[in-house]
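Naming follows writing order (A, B, C and D), and every chain is counted from residue 1.
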Amino acid sequence: MNIHEYQAAELLANYGIPVNAGIVVSDPSGASRAFERVAGAAGRVVLKAQVHSGGRGKAGGIKLAGSPHDAQAAAEQILGMDIRGHTVRKLLVAPAVEIGREYYLGIILDREKRGITLMASAEGGVDIEEVARNTPERIIKVTADPLLGLLDYQARSIAFSLGIEPPLVGGFTSIAKALYAAFVGSDATLAEINPLVLTKDDRWLALDSKMSLDDSALPRHKDFERLRDLDEENATELRAKANGISFVKLDGNIGCVVNGAGLAMATMDAVKLYGGEPANFLDVGGGASVEQVTLALELVLADPGVRAILFNIFGGITRCDIVAKGIIEARKRVDVGVPMVIRLVGTNQDEGRRILGDAGLSSFETMRDAARAAVEAARG
Amino acid sequence: MQPAPPSRQQGAESRKPTIVSILVGRDTRLLVQGITGREATFHTGQMIEYGTPVVSGVTPGRGGSSVHGVPVFNTVADAVAETGANVSIIFVPAPFAPDAILEAVDSGIPLVICISENIPALDMVKVRAHVAARASRLIGPNCPGLITPGEAKIGIMPGYIHQRGRVGLVSRSGTLTYEVVWALTQAGLGQTTAVGIGGDPIIGTSFIDVLAMFEDDPETEGIVMIGEIGGSEEEKAAAFIREHVSKPVAGFIAGQTAPPGKRMGHAGAIISGGTGAAADKIAALRAAGVEVADSPAGVADILKARLN
Amino acid sequence: MNIHEYQAAELLANYGIPVNAGIVVSDPSGASRAFERVAGAAGRVVLKAQVHSGGRGKAGGIKLAGSPHDAQAAAEQILGMDIRGHTVRKLLVAPAVEIGREYYLGIILDREKRGITLMASAEGGVDIEEVARNTPERIIKVTADPLLGLLDYQARSIAFSLGIEPPLVGGFTSIAKALYAAFVGSDATLAEINPLVLTKDDRWLALDSKMSLDDSALPRHKDFERLRDLDEENATELRAKANGISFVKLDGNIGCVVNGAGLAMATMDAVKLYGGEPANFLDVGGGASVEQVTLALELVLADPGVRAILFNIFGGITRCDIVAKGIIEARKRVDVGVPMVIRLVGTNQDEGRRILGDAGLSSFETMRDAARAAVEAARG
Amino acid sequence: MQPAPPSRQQGAESRKPTIVSILVGRDTRLLVQGITGREATFHTGQMIEYGTPVVSGVTPGRGGSSVHGVPVFNTVADAVAETGANVSIIFVPAPFAPDAILEAVDSGIPLVICISENIPALDMVKVRAHVAARASRLIGPNCPGLITPGEAKIGIMPGYIHQRGRVGLVSRSGTLTYEVVWALTQAGLGQTTAVGIGGDPIIGTSFIDVLAMFEDDPETEGIVMIGEIGGSEEEKAAAFIREHVSKPVAGFIAGQTAPPGKRMGHAGAIISGGTGAAADKIAALRAAGVEVADSPAGVADILKARLN
């Protein structure tokens, strides 16, 4: 689960990280009022679009303002803006900061190291993936011991590698350790401060924060549900998830209903291979009961662009005859309205195909043939 | 070819049980952790039906009962002491699965297969480190298990689609594996062993571990490797194949059409931070001499051509 | 550092362990008032002497009372009582409990396993060291993983080994895990619940608790200083400790001033070997400055029973001449009044002995000779 | 007899560096952690004066400076990379000592000697477990260090009392060791190596570890073992001596007059829970054929008789 910058900052502040606290507003007049409260002595604020997307700066989603009026004007520009498909509904208004130096400090679930890796760079404030691509030597990486956690000497070694002066090392290591504690304590998969700045008066400040949380760990963080922004999530995906179905909305017109995640991806790939475009990823899960098949159909049909539906079921423990009955029953409950192409193999496949045939539904034996037929059907 | 019991070796990566007709064999004595759960009970029946020697189960507090005639114990230590279990399959729900893995490993079980899904990744970071420092091998979590056709089925795969044969199969996916197994069976190639290593970001056994076993296994003539988006294990496997695998390898990578930043079912199937795209994996495998099919069933065609 | 039962109970309660909470009183009328507040429906209380010593029950330091009057009478008996050299100054008044079954549950810093070991027994409420001696098979031991801590399956396995019925296992493992958390969180070296009882209505209750805390870890538990009972500690030992000197009061009459803990023990042993009795253990520490030597002399002389003082100094990094000067200077500051026997060897020993000789102090080369002379002098 | 660099062996207990003229030798390149502290600076001077090759020091934030001409680095990794340090001695205060040990071990230093005292025992439980799983050996904490006379002094003992000779010495105590060393020197026996393993309850290297090295060391003809009250390491050592040590061993146990339940200076010197009494240790040693002296200096008399 992704959360907004302001939510990440709040979370990090709870772990003792100095963040540039601001006020979240959702209308231009709010931005004007927020200016009065946060501008402070510097008399300037920064307004930042709160969307689950990078590239906010380039898209014009971050602006400075030197007066309440300017803040309101900037907010008018940013609110409602589309940033990589995300509509801006909220703004963070925070004090503008006199930046001395900028660093990058991030922590990731490191699949390659099978651990938790800290990454830091003196190239802060820029796209770190670009730094990683072009000048990887400017990124310092340290992997925490899986059982002991991040050790003090590791945090220090990052600081020294960044060339931070001795009197400032302690402040940096405190932040690195707090970020690690926040990462572990929140079951994050990513926690980033970019930039982590040293102000002109030598204070450390987390100027921008980003966090992603491990979906598998959400059950033990009940309080994180309040961080979920329904505006940022696809309603169909949420409904699927609540019912044990994995669903991801895509841009094509061939709806896919598959059992198994790997097979579901392979099905999408096959559609593409034969010239079509998948409308979704959908793993109906283990059971494939009438209820699940019905819901899967509803989810796929929620997308008005769908022109054909491709079922790809490999009956393993699940029997094909049961699946066939499920499809027929589901079709009665849902008004399908587009062609259905079914591929059904595995346990009891002959019986399953007979049942489909009796109901006037043709079916295929191979994924290739079914995918090809679905592409044809969508062109209709 | 003689199946042999798990044996221990020296060295960091290789200090793990290696068994002819890899991982399981005639001396396998299977323990089912969480045996009284609905899914576990069902699959225990399926495994017994397939001929797998299921010797015991564990559900804390249910010691003294039995499931399909299999005695249930309160602790793994008791099950090992009483029934000589040497392989464990874990079906317990995610919140309790890390503890179940640790219990199995600390009780000295050399091969532990964890089916449970949705285990928090940071739990697995710790569990994996603990297991890696010990003589046990963990497969999974979030995997379908493994099968040596005609010998033992330790997992949730449909047994009948398999046929003892010449191809070793390793995969991050479940149903996609069945698809490929089915194609191999229909092509008359069959399988030596099919291993699902799991779809999570942090797993106990990697492609490389299993590829090395297949390379060493005299019965295995060809290898199928099924990857998917996310992480860079396929790239690492490609580098390993280039250096260490002499047998023909056919591959398939799922998720060519998957968008970045979206989790495609499996917790580990996500393109993020610029890594994990299917195209990179396919390119790496091809560069290592692996023939990559454009459909799952295609791997059977490739190997049929290479092995005949 | 040892703490009282009531303090341990308070600490364990903070970790969620159900304890038999009571009221601490220091005079008989307080016991009577406490009865009114804690006796409850059962109408009976237990009064327990709060001293840093075992064997309270056998010594008569634990009594039941069925009325305020009885409570006051019992308190009169117990308060002021001497239990193994400890004067009872406080009483814990707690509700009497209807005990179903009694267990022992303890955690120790296990030097042999180099870890933290849980011990449990269905023989609760009795002297566990006796059980360990006579029927060790009745004690279940489980050592926690040093890096992962106590695991759930380990806590369960103890419960099953104790024969606890499945419905009660969860309650037991919660307490075992909480006790482990308390042990680790407090840097304990011992944490014991004895007995841990199952009441007649199947509730778990920690009826008596005992904890010892790691002195080396006290600096990171500033709040534990309030748990220190000055009445239970030797004032001289506390003064020594505050000044970097290790001092333990013993019963003999030969005061010892030694540099090094091992050598200090060996010096005591030598005194005993030649027929004397050491009055103390004293390790003056590394420095042996004039100040340290002066303080050491004061500490030893605080014991009016001291008849002779034995210095045993092995000059290593510390130079003997400096030590000799220290002794002479200290003697000027402190009114010694008993014979001083000095053994001084090591770096610059000749110069050191010359300085002592000039001041009219004889000295010895070997520990044996010095110990023998000190024993003689004490008989003097 | 050639001193050799630390070498790694296989196996759990023995996978530790073993060196002829045990632990240190001519290839020793010493790093001093916490070198800018008062005590560390003093002892660095003493060690250099003795002839110990001190190649670098570490104090975070003091990188670039020097102490007695020894370059100071911010991290152990830097010190190792720049100066090839292969032994470290740690003088940092207790609150930072566990981290310093871990930094040394994780930086690949095969032999780490921790002088610091008053480290919380539970910190050492974790540190020790971490070190035990790696190829490094930790000596201490709360120890005086070790010396191979004429070769290298890595510790805080007075160098001049030592003389290269025939006896290996292992001890839980500091000044008590000097007492015995002095007696050995005066008796003309001298020492091969004297190792202080430390007075804490949880330490990195046990009596047994050092006894095994002395047994294997051709230069060592006799062994002195100095124990004290607390724990049961002396009893374990006795069992080891009975089985594995062929050379004459003389012992001394301090604390026969110590009362139970009282910490006698060292954190580990306490009789508690019915274990740790001197009488039990002496009895165990005698039963294993160790001659136990009634005074520290007495061990020299015993070995003089046995070796001449």
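The rule is short, and it goes like this: a residue touches a chain if its C-beta (ideal position, glycine included) is under 8 Å from a C-beta of that chain, and two chains touch if they have at least 3 such contacts.
All values reported here derive from a predicted model rather than from experimental measurement.
Asker: Between chain pairs A-D and C-D, which one is joined by a greater number of C-beta pairs in contact?
Answerer: C-D is joined by more C-beta pairs in contact.
Asker: For subunit A and subunit C, what's the span in angstrom between their mean Cα positions?
Answerer: 56
Asker: Distance from the CA centroid of subunit C to that of subunit D, rounded to the nearest Å?
Answerer: From the centre of subunit C to the centre of subunit D is 28 Å.
Asker: Touching at least two other chains at once: which residues of subunit A meet that condition?
Answerer: 145, 147-148
Asker: Mind pulling the residue numbers of subunit D that touch at least two other chains?
Answerer: 126, 130
Asker: Based on which chains are in contact, what kind of graph results: line, ring, star, complete or other?
Answerer: other
Asker: Go through the chains and record each pair that touches.
Answerer: Going through each pair of chains, those in contact are A-B, A-C, A-D, B-C, C-D.
Asker: Would you mind writing out the residues of subunit C in touch with subunit A in their complex?
Answerer: Within the complex, subunit C touches subunit A at residues 147-148.
Asker: For the complex, give me every residue of subunit B touching subunit C.
Answerer: Subunit B residues touching subunit C: 60-63, 74-78, 96, 99-100, 102-103, 106, 126, 130.
Asker: Using the touch rule from the top, collect the residues of subunit D that touch subunit C in their complex.
Answerer: Residue list for subunit D touching subunit C: 42-43, 46, 94-95, 118-123, 125-126, 128-130, 156-158, 160-161, 171-179, 182, 199, 201-202, 226, 228-233, 236, 252, 254-259, 262-269, 272-274, 278, 294-297.
Asker: Would you pull the subunit C residues touching subunit D in the complex into a rising list?
Answerer: Residue positions touching the partner: 108-109, 111-112, 114-116, 129, 132-133, 145-147, 184, 187, 189-190, 214-217, 219-220, 246, 248, 250, 258-266, 268-273, 278, 281, 283, 314-317, 345-347, 366-368.
Asker: Quick one: which bits of subunit A touch subunit D in the complex? Just the residue numbers, please.
Answerer: Touching subunit D: residues 145, 147-148, 151-153, 156-157, 160, 166, 169 of subunit A.
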